[in-house]
Amino acid sequence: MSVMTVEGFDAFYGRSQALRGFSVELRGGEVLCLLGRNGAGKTTALKAIMGTIRRTAGRIVLDGRDLSALPAYEIPRAGIAHVPQGRRLFAELTVAENLEIGLSTRKSSRRALDYALGLFPVLTERMNQRSGTLSGGEQTMLTMARAMCIEPAVILLDEPTEGLMPSAIAGIREAVIRLRDNGVAVLLVEQRVDAVLPVADRVAFMDHGEIKARFTIDEVRNDLSLLHRYVGVGA
Amino acid sequence: APGIVGRAQAQAGDAIRLGAPFHRTGIGASYGRWYERTATAALKIINEQGGINGLPVQMIVEDDGTDPKRGVEVMEKFAAEHKVDAVFGHLFSHVVAATAPRAGELKMPYFLCSETHALAAGKFNRYCFQPSITDVKSQINSMGGWITSNLGKKVTLIYPDYAFGYDHRDNMTAAVEAQGGKIVASIAIPPSETSFTRYLPRIPFDTEVIYHVMVGPAVLTFVKELGEHLGTKRPEIFGFIDSLEGVQMDIPQLSFLEGTYFWEAMPRYAQPDQTEFDKFYRDAVGVDATGASATDPKDISTYSHMFSAWETLFAIKKAMEISGYKGPAQKIDMLEAMEGITGFEASNEFPQGDKVFNGKTHQAFAHQNVSKFGGGKLEVVHTTTIEESFYPDETDYTQMSF
Amino acid sequence: MTIPNKKLFTLCLVVLALLFMAQFVLSNYLVLALTRILILAIFAMGYNMLMGYTGLLSLGHAMFFAAGLYAAGLANYYGGVSLPLAFVFGILGGGVLAFVIGLLALRTQTVSFMIVTLMFAQVAYLLTLYFSNVTGGDQGLTLPTASRSFSLFGLAVDLTSPMARFNIALTLFAVVLIGLFAVTQGPLGRLFVAVRENINRTEMLGFDTYRIRLLAFTISGAISGLAGALYGLMFGFIGSSFAEFRSSIEVLLFTLVGGPGTLLGPLVGTGVMTMLIDRLSGMTSAYLIVVGVLLIVINLWFPKGILGTIRDRWVPWLK
Amino acid sequence: MDIAPYLLLATLEGLVQASVLMLTALGLSLVFGVMRVVNVAHGEFYMLGAVGAWLCATLIPGHPAISFAVALIVAPLIVGLLAALADRAILQRINYNPEATIVSTIGISYIIQQLTLMTFGPDARAVDPPFYYNIRFPWFGYSSYKFFIIGVAVALVATLWLLMKHSKMGLLMRATQYDRETALNFGIPVGRVYSAVFAFGAMMAAVAGVLVVPNSQAHYLMGHDPLLMSFIVVIVGGLGSIPGTIAAAVLIGLSDGLLSVFFSPTLAKIASTLLVALVLVFKPQGLFGKAGRI
Amino acid sequence: MAEVILLKTRGLKRHFGGLKAVDGVDFTLRKGEIRAIIGPNGAGKSTFVSLLSGRIPPSEGTVEFDGQDVTALPAHRRVRLGIAYTFQITNIYPSMSVLENVAVAAQSRLRPSFLRKGASETEIEDAARAALAAVGLDDRLDEVAGVLAYGHQRLLEVAMGLALEPKLLILDEPTQGLSDSEIANFIEVVKRVAQSSTVLLIEHNMHVVMSLADRITVLERGRLLAEGSPAEIMNDKAVQAAYLGEPA
């Protein structure tokens, strides 16, 4: 039974179409990975789900509840969290305040916070630092942690491993697995195939605002030339 | 109202068109509104009496925003677009100062309803006239003697810190000293000031008379704070009505003014010896015996100044009639006729009273009034002679070319 | 030398030609109004160079206009300096003042810059009042008609003649327009825009942004001074109301309405706003309401100013 | 008169002025801080507060304290409503583009001014203070109402400070100020927060307007100066810093009053303006900039 | 190539409040090499290179470049001397076109003074085009930079660095946000650049580091942890513990 169903999203920047009939379906406890070249429209797709860019067509349903007509700020309240690309923190606020905003979205309990901090213990040492002055990696962890404070049913991750050191990437991977095991549906945008393969259950390839193909992870593992065909990397 | 057109149909010869740049907006707006009302009433009478030289008179009103720059533009608009025969109605002296030179260049007869001394001082040109209201220099001159001999010889001056204020400072200082008095303090208050209390301690304790002349929307605050500051033991106070022009006087904040004196060009409250001219004028404009609008007792007119709009129209009429004016071709004749006028009789046309007109300086001289505030109204206690306001000519415009 | 952005250059020439033709077509009054618009548009162009291209929003540009006005006016009034020379004084007055103020004010950025310029301008305004025995304060000084004509290279010019005035204004407008074209469409203009868009980046590309901004500020001040001098000498009145905050806001408004960062925007903005007020004030006494509503409406349709929005939507070379 | 009472008076007056400035400036600062737009119509909201107080005084019979109390509540509410409306109808549509907002708010201020001129008229109107008691110092008299102004301003500012510092609302407002889109992603209804902030800023100005009017008068052009002054106060204080804003308001309120002890008033104004400008030049973040964000 | 020292730091420190972001680093860079700096997140890598470029003033220590002490020089002067810096967090001119973005950089190199007659517009644009072609953005010259996808903005950032034709090119995580195919292309670009300039590269992507770096420097908590050839570093136990997380 799917948690989130997205159907037929269209979106435009000015006159150029950035999304064409974008559709995905996510089950709880599953990681769907969205792959595609730079400019394929992955970020745009996530924003369209969050409602922060206007879509001209399409439907979104979460847990049987139709969210299509809701204003953007209702989407996270319904339980979809977003970790944006490029670490968009509230730069002038402290780490603690950033997390508090996450908690306030759905009035989550402190447990959510403890859980998030458990995954990224560095943050506990930085609670009162202005988040804009964190190192790049620390910022990524904070955005992840902040999103988890929502206690979401679905989490959208836009290139979360970007700029992380190898051991931290492992940490994120672990975090994703923990989320999945807790029944959260994860939509993961990634560029780096090696980062994806170990966690993904399914893979969708995107190009020119459209999903061109979908595979299960086993299909990809069995035929690595698929990767070459869709994102241009040698296996 | 009939006779007022928004936009002129520029056909010379079918009517006499007068441009009226009034201060409809900006800091002069409370004057401008009443100038317009007064001029409209006068115009109605003129047209009912058959216009000027058989031609109907039209008035084209433009707003100058009490802004010198816009004042000039409006003057150009009157000349080039509306093609008026003359322009009248400016009050604020900085607007006049900016506009006058353009009037000269455009060869446009320009009748000021201001009190500026710049005209009589020779700073403008032959096209500018001030046929009704007396300039500030003679107003002060004629007051100085009365103040020193009736109120006291040690005078503190309070005035705005710009040109209008300096006119008062300089002329009053001269007038007081000529009478053997002394200026004990001279307090200039910056424009744009909205609170005055902190300037008031500069008033020396030995002051016998405070002379104040403030303008602008904050004057009421000024007067009120003066009262709070001085309390009951206070020197005599003499002010120019400009400080309270257009302001309701019988309000609690002003009760301390009881027993103080004001200069008025034309008494706001109908006096026991009210002339029939004043009565006629009040009725025509729609002002009651207290100087308020006949329809709204809280709406106070700028009574001491606005008669100039009325009288100026009749002065223009007189000059046009003398010269048989029919159109712009006779502009020079009309101006020369104006210069030839020596004065006006008190009449419905000149309700403020009789005047002497000086054709050389283009300036009119009139009686001035000292009024005492009591029981929520002003009562005239002294009226000067016209001669008291004279001073030697400072220029002779008739020597200039047109 | 090759001319960059030829389309825009052609458009500028066409506009100048049209303006020249205007004096034969328009009524006397409109020619007068256009004269005034041209001078104020020069002021707005100077302002736009700073605000539109370099991204420095000054709230005190009235002081440079006034500096030109007073430098030229006082030199003529007291010193009897001939008009062309007085005019040069005006340009220098604006430029030098801008240089000095720029040295200080440019230590600040964004809003602090707005406020610092605003306050320096307030000081300048108060100074014109404080020294009113020289400046005439708010009543100002009127230049005598006698000193309003001059001869240059044997050519007698009478500044009280409307045609002479219009053509002088147009000539100077053309000079400034072409000058600004050269500046803004070339490498220097690119640097100005770079400073506007991302000052840190520009610094890290090897440019001394303080000097670039100071240069822009000084040029802008000199052009504003030019406009002020021209205004004062042409219309024969110099008064402190030109130094008021209102004038600074006015030029900002002209620029914003026309389209900041577009070469012709200031002309459009000045023309639209001036004519709007001029026409409306004759029709209704509530014209300010209409102007207010129109400002809002213009804004809804043209959030980046008239030409700015046209540039962004349709005509990218219009910059 | 010797110098001591003079200084006392200049200080008292400076404090009254500072109190009013503090209120208008904090309103402006709030709007600027959260929405990053300069609200040129802020002075008009202040003026509407004053005009509202006058209207209440004319319409409501009885003791002036009654109408004053009513005005203190009703006028800001109406002004706030008006501001929220303007935000919805105009600012939201131009997406708070900073430059377009300047033009639009200039438009709004024209409209408000002209409408006020047409209905309320061009004259300055006085309103009775809610109580009247003249405190006599040995050298001069002083209106007790002015102390009341100081008191109310201090109370309001303290409340605001507590709200911004410690309430959830304050946190959310500050979040929207840094990143709209991310704020949306955390369920913050940015549109509503903006309208609320804009309205609240206007209400602060209106309260200030109501407070001053028994002291000075209501006039349709009265908004000009407070706009400039509060703008200056906000920046000199350090953007978004409440303590900074208070310090700047007091500095600016006091400086020209005290300087005018030694110079002619206009010269004192010149000197104090220059002084404050130089503070900014050499401390571009303002007095309490950076470190002391709300 | 002879072993010429291009850049040298002595006891370089930078503190933020109590935090020692860079804590006494002595570092030498030879002309012509490609040097990678790696280290855990928050180790102070970005701060360190910001000190080199002059973006942040050091608390203590000196920086010497090309035989000259540049510690006191402002950033823009250092750029003129040949230190180019790309930001870790994308920092471009968002509303200018892609070409214009790089033209500003090209102009910095071609036209050091406004007064002297410098290069013509055409030369500037050609230089900009060449730099854009090198990173593969030459099909997007007229697009507005701010609306490019994130990965393309990163490439633009690199192109601006290239257009300066610097002696030392500092790249702070240039491949962040690039897709695998673009990374392959990027590695080629850097190899080409390295023929004429020295490259200092901060990277977390070990694949990139291994393909490019001649030597690797490891920073941890603001201090030098190790330095050596790629092979040495990969086998360093301390590095594995602090950074890689597992044996490579």
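Chains: A, B, C, D and E, in written order; residue numbering restarts at 1 for each.
Note that in this section a contact is a pair of C-beta atoms (placed from the backbone, for glycine too) under 8 Å apart; a residue touches a chain by one contact, two chains touch by 3 or more.
Chain labels with UniProt names: A, E = ABC transporter ATP-binding protein; C, D = Branched-chain amino acid ABC transporter permease.
Note that the structure is a prediction, hence the values are computed from the model and not measured.
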{"item": "Distance in touch steps, counted as few as possible, from chain C out to chain E", "value": "1"}
{"item": "Both-way neighbours, i.e. chains that touch chain C and touch chain A", "value": "D, E"}
{"item": "Chain whose average C-alpha position is farthest from chain C's own", "value": "A"}
{"item": "Of C-D and B-D, pair with higher C-beta contact tally", "value": "C-D"}
{"item": "Length of the line joining the C-alpha centres of chain D and chain E, rounded to whole Å", "value": "48"}
{"item": "Computed distance of Cα centres, chain E from chain B, in Å", "value": "75"}
{"item": "CA centroid of chain B to CA centroid of chain C, Å", "value": "36"}
{"item": "Approximate Å spacing (C-alpha centroids) for the pair chain A, chain E", "value": "29"}
{"item": "Per-residue multi-chain contacts in chain B, two or more chains", "value": "25, 161, 190"}
{"item": "Chain C residues counted as touching two or more neighbouring chains", "value": "126, 129, 288"}
{"item": "Shared-contact residues (touching 2 or more other chains) in chain A", "value": "none"}
{"item": "Full enumeration of touching chain pairs", "value": "A-D, A-E, B-C, B-D, C-D, C-E"}
{"item": "Residues on chain E engaged by chain C in the complex (per definition of touch)", "value": "53, 55, 74-77, 79-80, 85, 87, 91-96, 100, 103-105, 107-109, 111, 114, 118, 120-122, 124, 142, 160, 164"}
{"item": "Chain B to chain C touching residues, read off their complex", "value": "6-7, 24-25, 61-63, 67-69, 72-74, 76-77, 79-81, 93-94, 97-98, 100-102, 104-105, 116, 118, 123-125, 161-164, 166, 190-191"}
{"item": "In the complex with chain B, residue positions of chain D that touch it", "value": "1, 5-6, 9-10, 13-14, 16-17, 114, 117, 121-124, 126, 128, 132, 134, 136, 139-143, 215-217, 219-222, 225, 257, 260, 264-266, 269"}
{"item": "Residue ranges of chain A in contact with chain D within the complex", "value": "47, 50-52, 71-77, 81-82, 84, 88-93, 97, 100-102, 104-106, 146, 150"}
{"item": "Complex contacts: residues of chain C adjacent to chain B", "value": "27-29, 32-33, 36, 126, 129, 132, 136-140, 142-143, 145, 160, 235-237, 239, 241-242, 246, 278, 281-283, 285, 287-288"}
